[in-house]
Amino acid sequence: MSLLKLENVSRRFGALTALNDISLSVEQGELRAVIGPNGAGKTTLFNLISGFFPPSDGKIIFEGKQITAVNPAALVKMGIIRTFQITEVFLDLTVYENLRIAVETAMGLNLRPWVSRGTRAKISDRVDELMALVKITHKADRVAGEMSHGDQRVVEVGIALSRSPKLLLLDEPTAGMGDEETNHMTGLIRDLNKQEKITILFIEHDMNIVFGVADKITVLDNGTMLAEGNAAEIAANPRVQRAYLGAAA
Amino acid sequence: MIAEQRNKIVMGVAALLLLTVPFWAGYVGGYTDLASRVLIYALAAMGLNLLLGFTGGLSFGHAAYFGLGAYGTGLMLADVTNNTLLALLVGTLVGGLAALLLGPIAVRRRGIYFSMITIAIGQMFYFIAVRWNSFTGGEDGLTGFSRQPILGLSLNSTQFYYMVLIFFCLGALLLWTILNSPLGHTFVAIRENQKRLTFLGIRVDRYVALSFAISGVVCALAGGLNALLDNFASPDDLRYTLSGNFLIIVVLGGMRNFWGPLVGAAIFVLVQNYVSAVTQNWMTVIGLVFVLSVMFFPLGVLGFFRRRSRA
Amino acid sequence: MLLDIVFNAFNGLIQGSFYALMAIGLSLILGLNGVINFAHGGFMALAGYLAYTLDPYTGFWGALIIGPILAGGIGYIVEQLVVRRLYLRDPLYSLLATFGLALILQDMLRTIWGAQGVPLSIPDFLNQPVSNTYFFVTGYRLLVVALAIISTGGLFAILRYTRLGVRIRAGNADLETISALGVNIYLLRSANFVLGIMFAGLAGILAAGQLGLTPTMGDELIMPSFVAIVVGGVGSLFGSLLGGLIIGVASGVTTAFYPAASEVVIYLIMGVMLIVRPRGLFGQEGLFE
């Protein structure tokens, strides 16, 4: 059984068809890139999967269950976690504090005006675990708002990981980053997938990352699926070349 | 760490000063009741700060809960009982209950609308107090009660000061515990980025309403103590001008600092006291304090120091 | 009995006209300058007192014209010194700053003109009632209502047909964009603020003729003016006008039946409006949330 399945999914906004008859499946443990020119429907796809709005047609199935019209909060509980193109970290809090609130929320402790020492330790351990996972432990006491954009996005991923996602949706994870930060993020994505075995679906524009990291690539263009396959297949696909990579690829 | 040691020393000195007020107040031209007033306003402002500085809700009507605490306590002592602590408890509960019931109404809207609702609530209680002459004493205020002895202690100025100090510490302890718990962390996260929390599945308005209720309880306690201090309660305890005073106290001391309100209250009460003794135009001075602190000192006294130690 | 209700309702209408004029000025300033001007009542009272001082030299009509202009001038100075630094900050700060200004204004008025009330004399012929049954409808009161409507109409005309007006309306929607288009937004904000203050000034002089002058009169009118904006709809000038008149009349009518509730009813109306239809009668959805 595929982890995520879209069957003939379309989404229209009035007269505009953003996505047209998309069918795809993502297997457990996959690292899948979604690419396509601007306006191809990639973010709409993410919005559908994460429950922002329902599809106009078609079905979305997660772990064998229909999630076609389920709201985002419920999907978070089911394990579909997404990050945003515009970082939404807590700017005036430190990295540690950012992750702490995420962990406490994940543990359902938000209403507690007091917690025992044992629970405090559990929270603290989990935060340390997350910081180690995204390799930001050395910046634990830095205030998020004073960090670089790249670091903020790493914290974002950390927040997403606090919910132990079954399916992680990363919307343009390296957008706006310099080389070093891009490498960090790329390495992080690879580690999360290969070592932590998290299924990841990510939107990317940087072809180096896409071809270097992804197991499988889905190409969208103008709301339709142009091609699907591994790096070699996609690179060789003439339609993809024409639409996206340019003849020189 | 140097900063930590310095903080400990400052706190220690402050605690020592607070514990010995009745002995040195006279030497600096003050008096014990003035110190009680500082602690009472500080407590009210700390309650307000939970909502304002730590959850991000701009309430311009928190005097309502202060006033309800004052009237509740006063009426209990005037008509029902001789037990000072019971009266204080009832006053606190009355104000707290109002905040608990009205908070959910206020948080249905955000931003300016939220502030406007809090103003409306405050004004309503003010006019009820003014008009309901027979019950509240109207414009002239509620008299006919005074704080009664507890356990054989007459509660003169000095003894009452220590009673206020105890309640202040209890209130501060409550707030401190909450702010360092997951609930408190959630409040702060709401201030920082409501949207993010909503996407993590949190019903933000419920938490703001909870913050509203807790802050109302603390303000009501302060109001009750205020009534016991003056042996008097008046509609002015409910007025938006008092709400404004609490706000400026929070801003003066430092909005995002736990002890900010204590510093702010000390400055405000002392300035108000000394200036009104010196000039007729103390209102202008207070007004200037508002304007200048907002323009040049928006982080408040403690915020100013915190910035410097961080950089 | 009916006459009693009409009498009170008419009083309410007059009071409501003051609320409306204040609310319009407040709404202008809230819209473009993004500031909750707590000092609005102070400016209102200031204009009234200035008219009182000018009266022996210029007569009532002269004071009525010059008063708001002077108040506007002082408003300009205040905007330059204090308000303009607060534009981009948290609304809490402008609220507190203008609150402080209100305290200063009130105290200055008391210091200069005394704590006792003083009357503003109005021309005799205006004091005559226009009919015997409706004795309470005096020429002056009709003037108040007329001026409220005329000045609001004049404002609409300015907003609709003059360059300044168009810029104000555009600026309300998007200040950044019109700045990029070359409009001097600093000047625009000052002009808008002054315009708002002038409305407060007009309200003050008219109120002075009706109620007399006290240093605390601003205090008493400012809160209902906020209510008028909320009821009428934040972002709508017509709404502010209507909101003010509605709560004025509602308060008046309540006085006929249950005087003790005449102020509370204003806040009850606001509370209900905020729960049932938070954008008010004519407001725009989602503003300021």
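Here the chain labels run A, B and C in written order, and each chain numbers its own residues starting at 1.
Note that contacts are C-beta pairs under 8 Å (C-beta built on N, C-alpha and C of every residue); 3 or more make two chains touch, one makes a residue touch a chain.
These numbers were taken from a predicted model, which means no experiment stands behind them.
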item	value
Reference chain A; chain at largest CA-centroid distance	C
Chain closest to the middle, measuring from C-alpha centroids that were averaged per chain	B
Inter-chain centre distance, chain B versus chain C - centres from mean C-alpha coordinates, in Å	32
Rounded Å distance, chain A centre to chain B centre (Cα mean)	45
Euclidean distance of C-alpha centroids - chain A vs chain C, Å	52
Of chain C, residues touching chain B in the complex	36, 82, 85-86, 89, 91-93, 95-97, 99-104, 106-108, 111, 223, 226-227, 230, 234, 260-261, 263-264, 267-268, 270-271, 274-275, 278, 288-289
Interfacial residue positions of chain B with respect to chain A in the complex	177-178, 181-186, 188-189, 192-193, 195-197, 199-202, 207, 256
Chain B partner contacts - residues on chain A that touch it in the complex	72-73, 76-77, 88-93, 97, 100-102, 104-105, 109-115, 123, 159, 163
In the complex, chain B residues that touch chain C	52, 58, 60, 105, 108-113, 115-117, 119-121, 123-124, 127-128, 131-132, 240, 244, 247-248, 251, 280-281, 283-284, 286-291, 294-295, 298
